[in-house]
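Chain nomenclature is as follows: A, B, C, D, E and F, assigned in order of appearance, with residue numbering initiated at 1 for each chain independently.
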Amino acid sequence: MRPSGRTADQLRDVTLEMGFTKHAEGSCLIKFGDTHVLCTATLEDKAPPFLRDTGKGWVTAEYGMLPRSTHSRMGREAARGKQSGRTQEIQRLIGRSLRAVVDMEALGERQIRLDCDVLQADGGTRTASITGAYAAMVQCFQKMIAEGKLDRLPIKSPLAAVSCGIYKGQPVLDLDYDEDSVAETDANFVLTGDKRIVEIQGTAEEHPFTEEEFLRLMRLARIGVDQLVKLQNEALGL
Amino acid sequence: MRPSGRTADQLRDVTLEMGFTKHAEGSCLIKFGDTHVLCTATLEDKAPPFLRDTGKGWVTAEYGMLPRSTHSRMGREAARGKQSGRTQEIQRLIGRSLRAVVDMEALGERQIRLDCDVLQADGGTRTASITGAYAAMVQCFQKMIAEGKLDRLPIKSPLAAVSCGIYKGQPVLDLDYDEDSVAETDANFVLTGDKRIVEIQGTAEEHPFTEEEFLRLMRLARIGVDQLVKLQNEALGL
Amino acid sequence: MRPSGRTADQLRDVTLEMGFTKHAEGSCLIKFGDTHVLCTATLEDKAPPFLRDTGKGWVTAEYGMLPRSTHSRMGREAARGKQSGRTQEIQRLIGRSLRAVVDMEALGERQIRLDCDVLQADGGTRTASITGAYAAMVQCFQKMIAEGKLDRLPIKSPLAAVSCGIYKGQPVLDLDYDEDSVAETDANFVLTGDKRIVEIQGTAEEHPFTEEEFLRLMRLARIGVDQLVKLQNEALGL
Amino acid sequence: MRPSGRTADQLRDVTLEMGFTKHAEGSCLIKFGDTHVLCTATLEDKAPPFLRDTGKGWVTAEYGMLPRSTHSRMGREAARGKQSGRTQEIQRLIGRSLRAVVDMEALGERQIRLDCDVLQADGGTRTASITGAYAAMVQCFQKMIAEGKLDRLPIKSPLAAVSCGIYKGQPVLDLDYDEDSVAETDANFVLTGDKRIVEIQGTAEEHPFTEEEFLRLMRLARIGVDQLVKLQNEALGL
Amino acid sequence: MRPSGRTADQLRDVTLEMGFTKHAEGSCLIKFGDTHVLCTATLEDKAPPFLRDTGKGWVTAEYGMLPRSTHSRMGREAARGKQSGRTQEIQRLIGRSLRAVVDMEALGERQIRLDCDVLQADGGTRTASITGAYAAMVQCFQKMIAEGKLDRLPIKSPLAAVSCGIYKGQPVLDLDYDEDSVAETDANFVLTGDKRIVEIQGTAEEHPFTEEEFLRLMRLARIGVDQLVKLQNEALGL
Amino acid sequence: MRPSGRTADQLRDVTLEMGFTKHAEGSCLIKFGDTHVLCTATLEDKAPPFLRDTGKGWVTAEYGMLPRSTHSRMGREAARGKQSGRTQEIQRLIGRSLRAVVDMEALGERQIRLDCDVLQADGGTRTASITGAYAAMVQCFQKMIAEGKLDRLPIKSPLAAVSCGIYKGQPVLDLDYDEDSVAETDANFVLTGDKRIVEIQGTAEEHPFTEEEFLRLMRLARIGVDQLVKLQNEALGL
């Protein structure tokens, strides 16, 4: 039995509030239950230097947690003078995941910069960030189409992410904090809407797992991502 | 005529949403029009080292802006590896202002840490931060009373802050970004509910101002702060 | 009674020794009693990038304290790897104050960089720095006129600064360290020679103050600044 | 056809030279073809603070590349003043992987610190680091047994790591640089000698992959790890 | 012929103004011609941790240059966030040199911290710093004797430093900036009053030098140091 | 009697293994007994900015120690976020020494960057670094000649370095760690093959030394460097 009473293959309540802030070209407040992440997309009219004159664009991401988004307060990274290894690992994952589904030639020599800032954390902030950042990015593309900067969405496939894990011996979908903190195994899946895999990260917490267990987690992730992609499309009017 | 159509002594629409996040001992999403600041209060059961065995507590603050809270994206301070001079100046101001109205002996050897994070900026973020941080701090005190940690609010006086400035020759209350960016003079007032002054910061932007002008700004600030204190009390159920 | 025996409206002995160092285009060792600040002005023949092709110049400032300028030794900021929030706040104030009285078009696309380094501290280092930096900057302008780079002083008004405070219930001019460390209220005034205000910073230390008290401090500051401007002019041969 | 002429399921020549440096409690120069990593294990007689009085130990790792270990010189991280996100991600992976197979209670309140420094890079430095660090750690344990500090190896299972990828449409084992730089998909597997999984990281480079492809990579990894574990045991005399 | 008209074995005018600042336990403004260095000594009543319970004390030094002490302005190290390699090398040299002549057991478990800040530079700042820091340190010891903290000066020998070099083919004593910037060879000598050597640093600038030349520089240094020791003693009343 | 049984004027076993790594334009693993340093030379086809359009090249160096190259593990400089003063001092010395023997005009507008990384330390790492870096640099020049980028070696003289010291009252050549840690005096000599001096650094550890002692050290250094130059030539096939 899960602490939240959810079934093994049940997501938390997920909502996407598009346009949460007014300055960004795209923005989305995504909630996976009590995990709330504000994702904004910024359009820059220049690609990074290593892409000059290639006709291709780029997508990059940054991630942060507000100091009191967590149960006990974390030190502010800006005050400590550097981003933790965990922060850098997550923002590299977000950027890499989004780049896998963007048609960089259709985007042209521009850069989309995604900021994912966790307002409240209750497990699964990195997968919520990827899912929300995708929506913010598409909203930015929609704005670019409206302004005549693009003809179509430069997207090769929809994309969403979810974590799964083995909680008290049972594979479950979309771990919340109570589950995550005691799970034996934790895996993050970044999947496309057309049944492909962009990124898999599976980690044993003390207890190495079997291939069999891993495959069951992968099946749960597919169920979750299909629902998330549907919610993204509804929020984006697609 | 002000760009927003407000009269010279009219605040923007101000709202305080208490309890915006669930982990913090106190939290408030304060909005001054399109300026939105999330303020959280964290209770720490130890005072800083320089107060050990004095029986007194401490209040401190940190401030940050989300990278895309502004018209064009700002670099993330955590990524650049340091807080700007402006950030440090503002967080010193917030902490100093709140300390002026807290009865540190009644608080006892504890520390309240306020985090003010700007989700969306449209002028006046530092005064909104002080006003919201005061509310988050009082909510934290209310929780401490409910838990039997305090007998009464360790507050000497209510506190709020507002900016005033001279816009196209006319003194006006509560500058928004459109006004702030062209104002000849900008002054921030941190005032108590019992008609006293905690902090005044007046700065000429190119055009030094007269004593007469300064006094008119101070009068407008008093009008604004009286209303802000009323809104705080309503939000806090006082 | 003040510890130094001064009357309420009496400055400390103030001296300005122009040309204290030989390499700088302008330099001044200013002493406010036992507070000694070495101010140097450096002329750079380029304006900062954001002013390219505007025909306007810029003035900026940096501030530092020698480690043993104070009663007990402070850590060296260069060794700790960053400037404190206080240092940044002060150097921003110095730069902003000087820019308010310089005619940037008359200066042309150049930058004047002021360095204010405290050799010995006894209260009031920021106001001494502004007063001395103004003198060093004007000496730099005089040198530029002598070299045919300027036709006249690109100055809109003389400028000086002084701190006032409420010491044992009495408003007094030009706080020294003994007064400053126990003053209930501390206010810094940056004023022009033509009776205008460039910057006001008033801070309650524990005890919020009244409007009446604030106005008395402002009146003392005017008395002090008028004398300081006179001393500057004498030192500069104006 | 692979550039090196290897078959799809063939490792590069792998050697482990134990005791490469004399000061460390364990050391191993591991070579995966032209990828050479020096791994050292340092025994510290205290566990980190969060484990005080738990009776448990800890294992942690750091990773670095010599500036000219690569085709073109990389800036030295010590000179740039920080470790890159990639470096931090890799050293977190190494530490996490090793911790999964160590019996922390048998180790007792001590810490083993692994340093993995790449002398020459030709693809697969992170998996070579894990494989070599495991060997250096076990050598350190052997020394502790010899000194009477341990009764037995505090190891739950052997551990090794290898990368696989899809190169020109074909799944292949142990990518070298020529393959890695053009592979469509790259996955790192950290596996135990008893057929379990410690960590899986699969990443699409531009082309999201199918579940089918992923499973073929996992099968290759198993083949490779079984051989690597055998080589480790030979080098360690187990 | 030297630019200054000095003979080959002639020092610049050297003065030591003891007690230049009032807070430090010892202070000296030393001038070697136009090179002016403010040296202060701070007494700390604890030795550094590695000396706890050894009965021995320690001496350490820090060095800095005011930004406009030089012909063209240098960036402020505190603002750039780190000390240059040159700065660190010099302050290590100063500390090491002073430690060589202090009787650490007679000093007891205390630390003397020397700060050498260059107000104006014209060549030879490191040797002026050592010579002035020695004087400031002895003044600090004299104060400690007066306060009953020491019975005698914990000094094994007087100490001073001077640079020599080969200027236009001729060995000369005490290089000033005009000479230093074109000298073929530059050597710094830290010597004791009793004819011994504490530190020698000789560096060829482009043209490696002979043993013969080096010995001539060493002889000049001895002449200079003997005079400097005499000037120190006069300034200190010894 | 020396701990190693060597005679006073006997070097440790010295070997130079050229081409130790495959990517660098020149590389050398130099061993002075148990001191092992990997030196690599990187050719950059641009000179640093301050040499643009002068027709001259530049040589620079960086130095590092692997964390467990030493008896007890040192913190990794990249992780601590800065290079120590000692590291910076050594790399400045290496660069300066090599520049003294390179004909910068013959090199042309290019830069050679030397990396000296200590794999195992047993005293004398800086002098081993200089001696090995010289060999790596010459190998790089040989490669440039083979590729037609240079006509001849742009070298003015061979160069090697060795440390000498006074160990238990006796001057000895090439201190190892056991000697170095108790030596009364330590001096590093960087000498050319044609009997000239590039750099001398002599430091008293507690006991200032005499001119006589210093001259004996210099004579030993000459003996050592002559042998080192011979070994370099053999390794380089010169």
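Throughout what follows, contacts are C-beta pairs under 8 Å (C-beta built on N, C-alpha and C of every residue); 3 or more make two chains touch, one makes a residue touch a chain.
All figures in this text were calculated on a predicted structure; none of them were measured in a lab.
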Chain copies touching (subunit D, subunit F) - same or different residues, decided at half shared: same
Chain at maximum distance from subunit A, centres defined as averaged CA atoms: E
Subunit A-subunit B separation of Cα centroids, rounded to whole Å: 33
Where subunit A and subunit F are represented by their mean Cα positions, the distance between them in whole Å: 51
Mean-CA-position distance for subunit E and subunit A (Å): 59
Shared interface positions of subunit A, touching two or more other chains: 81-83
Topology of the chain contact graph, where touching chains are joined (line, ring, star, complete, other): ring
Traversal of the chain ring from subunit C via subunit E: C, E, F, D, A, B
Of all residues in subunit E, those that touch subunit F in their complex: 82-86, 88-89, 91-92, 96, 99-101, 157, 187, 192, 195-211, 214, 218
Residues of subunit F that touch subunit D when the two form their complex: 21-24, 27, 34, 36, 38, 40, 42, 44, 62, 64, 66-71, 73, 76-79, 81-83, 87, 113, 115, 117, 119-121
